[in-house]
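Both complexes below contain chain A, partnered by chain B and then by chain C.
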Partner chain A sequence: MFIALRDLWRSKLRFSLLAGAVGLLIFLLLFLNTLSATLLGFFIGAIENNSADVLVYEDTARRNLQASRIDPSVVGEVLTVPGVVAAAPIGELTLTATVDTELTDLSLWGVDLTGPGRPDPIVQGRLPGPGEVVVDESATAEGFEIGETITLIPSGTELEIVGYVQDRRYAVVATAYLDFTRWVDVFEQEFPGSPIIPLSLVAVEIASDEEAAVVGDRITAMVAGVEGLDRVSAASGTPGVDSISQSFTLIVGITFGIVVLVVGFFFLILTVQKLRSFVTLRAVGASTGYLAGSLIAQIIILVLLGSVFGTLLLMGATLGSNPAFPLSVDVRLVLTVTVAVLVFSVLSGLLSVRRIARADPAEAAQGTR
Partner chain B sequence: MQLAIAEIRRRRGRWASIIGAVAFIVFLVLILAALADGLFIGSTGAFRNSDADAYVYSADGRRSLVRSALPVEDLESVTSVEGVADAGALGILLATAATDGDLFDIAVIGHLPGRVGEPTALTAGRRPATGEQFVGLADMSLRDKGIELGSLVLLTGSAQPVEVVGFVSDARYLLADTLWVTLETWESLRFEIRPETVGGGSVAQAFPIAVSGGAGVEAVTAAIDAALGTTETVTIDEAILSLPGVEQQASTFTAIIVVSFVVVGIVIALFFALITLEKRGQLAILKAIGSSNYLLLRGVLIQALIATVAGYVLGFALSRLLALVLPPAVPVEFLAGTARTLFLATIVMGALGAVLSFRRIIRIDPASALGGEA
Partner chain C sequence: MTALTVNDVTKVYGSGHTAVRALCHADLELSDNEFLALLGPSGSGKTTLLSVIGGLLSPTEGSVTIGDTALTELSKKEQTRFRANRVGFVFQGFNLVPFLTARENLTVMASISDAPRSEIEDRTDQLLEELGLADRHDNLPEELSGGERQRVAIGRALVSDPDLILVDEPTASLDTELGTQVVQLLASEIKSRGKAGIMVTHDLRMVEYTDRTVRILDGELLDGPG
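Right, the complex of A and B next:
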């Protein structure tokens, strides 16, 4: 062990360059993961973390909430399906609004405040009454704070913010929730003279002994023109989610491969370069296990240094991130990535260990180069 | 030169691994760049492939085609603003459509045929005539959905299908395949599929405008906003960057690609630092028998060049192989121009990495060749 540290100390530049490269790559891994998690959370948080067990879409909407348009009478039909305890309408409208005199986009959800699909839990403040809304907490970055008033454009309707929910953003814009009947008023003001008030979804609460996916399928089968989905399928089925998560998985996978390759490759070169010294050490009695231990210790130190460096870079990046798209350092993610890189780097280091094990201590006595 | 190449040949394993490392990073960068290009092209075609100089939106539409609404009558006022050579109108309807029972997303875009703002690249068939109802131009991407000239596209919620009379290329909008119909057809479809919009009356969602020669685009956009009072007019470049996600995607991908290139540089630098260290003895001997610094440095540069070029070629091949097996949900697009830029960047970073070991080589004392151990 002692020899491993001495070696590191004697070739500081070389190891710091390598630790720098590993750090940059770990930063890339962390950054990509953080980015994709935040992006997906902003995109479908309102669906993934909905308080309903099953969400019902129009069957031709291709699981796209904004394309889904359901006749209000469907709520009653869904309620007759066995296993359904409660059903409530959800309406969604994406609007332009001003808050604090700034123009911004707003996704406005009309829900049954006590039924399935309700904004729950309220993490701060209270449920909205008439003329009031609760907003997703992430929208505070855009000025949506408790006590502020949202003005809808062009109707001029005013809504006061009285509470926050968490992880309930939709379509990457600020998201607000209010009572469904108030939402209908807003809809009528936005689309004067509209002959219909289409629902976006029907939110369903199921009996405690039922499974969401099963009840969803049952609704699909029994009610004409709709598709019932559990939250997870609804979230992952949203158009675009596939593209985003697959693209990121691909990039993260390749980056991970490169980290491991770079670490394994450099230790192999170092080992080949130091083979004579290793042979000598073995000739004077150092066991393969001892030498392998030193090598692995160096890899671990290097990856840990790289991870610290990568995390620092990530912190820098999150500090500099756009307040409208706040990235934060997830400790669990840092640990997972570090451990994964560590394990695979050590595995790739085994190539070098094999080289050491195969070296014949007798060569040291030959004195040839 | 000969020495540099002979060395690579004699130590194939080691050079294969450095080439492999470079190839992997190049592979990552190429895939990322293809993804960035694919997202950009698929999101912005409807705007990029237009002859408009600027777009007029309603002020409360926040530069969003979907959200903006302008009374069609305002088109006259826009046309009469000095410096406006031509003005068209656009409207968008995001819908689903079916051919043979398979549903897919489609963006129906209403436009004025023959006016500015229509998709420029007609690849087959003809354009709709002014005012012609229920015929349209399909983006080439719709061919994958089985749509051909003469196909009837039925939108969900509509009773009357649209006949495809022509194809345009590279005219997608936010990754959706587009169908370009006359503004009149678009309005009928919109009223039918989204009955709540009837009350809003006849609207367009943007006016693409062409500026007459000699007039400055900035001045004309300002003049339009001043004349109408309720609009926000932006240049075509601003309109493209204002599409949701486009600017963020571009900056994210650029950041990742830059980091990757720094890693390429570090990897090459480390590699040459290591082999230089190892060859100190031989290099001293070479110097002692008369090799100039110049000759040795040139050898290192040539080796770096060979490693990066070979790495690039391998990475390039890998990326094309991957493209063959990628699911269609991943929107990659390989462009020759991007490949060229990245090739140059790889070589430059490789050379920079190699240059870092120059100092080491120059400092080697030829006299040390006599000292036995280097």
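Right, the complex of A and C next:
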């Protein structure tokens, strides 16, 4: 550490600039990951964080909730499958509505308020009664606040907001939850004369000693025309999720590679520039391990500084983010990104270590000043 | 007691038609508290011999023993450790670490050698004082004159209290007056500590500060100043 710290201190500007560059790249990594998580949360939060263990789709819907049409009788059939403790209907309608005189899109979910698929937990307010809904709290920026009234178009049905749930948004639009029987009423008002009111999903609660994926497969096998999926599979299987995830993974992967290469090449350049010093130190008895340790220590310090800088930038970005698309700092993400950058930067530093190990101490005796 | 034994050392660079014999069956003994001048023209093999003695180069044939340790029988890793603790080098180029101050160029040996840090720190302060660098201890090498840099290099060679000091052309980049002062200082530091030392030089005027002179010509050692 002795020479590592002295070198850092005497080349403050050089290392600060690099820490800044690494910090910007780490910020980009964190921001892209946060953006991706928020976007996906807005897209499939209602599925991913659903209180049901298993979600049952129409088998031809290809895991697209809005294309899934299930006969209400299926709920009873699902209940007969071993491992299923409870089953309840879920209906979803995407409508146009006004709130606070503003026209907006609304995903309206009808659920069993006390069964699987219930909006749980209510983070503020209470469960909805007749003519009432709870909304995902991210919609408050769009005017969906407790006490406001949502007016559905074209029926003119009015629903009062009485509570909030968290991370339960669907299809990136404001999402509201009400009792399934009230949702049926809304459906009939919006689509009068409909011969049947199909369910979108069946929400399933499984026995505590069962695995969701296994029960899901069992439902698929035992109930005709449906596909049972655990929440993770249902969320990741939603059409579009794969494309979004892959796009972000590609961008994040490229950025990650750039960070690691920048750190690796920088230290390789520094090593070549300081080779004379390394040769001298080896000649006077410094081991390769000692010199490599100094180099690795510098990389660790640099990446940690970059990570702090990148996290501060992310905090700034979240504070300045649009309330309708709120970004937040995920400590676990920061730690994961930092550790990943650290590990791979250290690995890229092995190029420099190899260069140091090859330095011939005998060259010290043949030098110029 | 014998501080150094060089036994029938030959060093050949390259092989086949391009082989160059830099040292030819060199034999040398050095006692404790003895300061020896190795005198020879450029290309005579002085630096090669010094490098072989210090374990920086392996001889093609022969052996080097420092104190009771057969240096040539040690592994590269063991030789590195041996150099850190038992051999002090003053290179022809000052070879100071540019991002360390004069003082740090000495105290860095605390993290390289096995000597306790407090011991190195105390010896550093003493050496900087003796070498006339007490008020320059906080300067980087680029802020020091040639003579001061050379004195820092001498300090670094002595700070880990090695048994053998190897000095390569200490006056090469200094004017006569400064060169003489540096060699006087070097001789005084080596003798006052009871160490063995070898100084490579091509400057005859410097041999008066040593106990004995050995000449080297085309890789062969010849006794006396010639």
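Following the convention adopted for this analysis, the second predicted complex is superposed on the first by the 362 of 369 C-alpha atoms of A that agree within 3 Å, B and C clash if a C-alpha of one lies under 4 Å from a C-alpha of the other, contacts with A are read in each partner's own complex, and residues count from 1 in each chain.
Keep in mind that, in the parts below, a contact is a pair of C-beta atoms (placed from the backbone, for glycine too) under 8 Å apart; a residue touches a chain by one contact, two chains touch by 3 or more.
Remember, it's a predicted structure, so these values are computed and weren't measured experimentally.
By the touch criterion stated above, A:80 is placed in contact with neither chain B nor chain C. With both structures placed on the common chain, the touch criterion links A:261 to chain B but leaves chain C unconnected. In the superposition on chain A, A:277 makes contact with chain C only, while chain B stays out of contact range. In the superposition on chain A, contact of A:20 is made with chain B only, not with chain C. The partner that reaches more residues of chain A, of the two candidates chain B and chain C, is B.
Looking at the shared chain after the overlay, A:290 reaches chain C, while chain B stays out of its contact range.
In the superposition on chain A, contact is made by A:2 with chain C only, not with chain B.
For chain A in complex with chain C, the touching residues are 1-3, 6-7, 10-11, 276-277, 280-287, 290, 361-362, 364-369. Within the complex, the chain B residues that touch chain A are 14, 17-18, 20-21, 24-25, 27-28, 31-32, 35, 60-62, 64, 66-67, 94-96, 103-105, 156-157, 175, 195-200, 244-245, 248, 252, 256, 259-260, 262-263, 266-267, 269-271, 273-274, 277-278, 326-327, 329-331.
Interface residues of chain A facing chain B in the complex, by the touch rule stated above, are 13-14, 17-18, 20-21, 24-25, 27-28, 31-32, 35, 60-62, 64, 66-67, 69, 94-96, 103-105, 153-154, 172, 187, 190-198, 239-240, 242-243, 246-247, 250-251, 254-255, 257-258, 261-262, 265-266, 268-270, 272-273, 325.
For chain C in complex with chain A, the touching residues are 47, 50-51, 54, 56-57, 77, 80-85, 87, 89, 91-100, 104, 107-113, 140, 146, 149, 156, 160, 168, 173.
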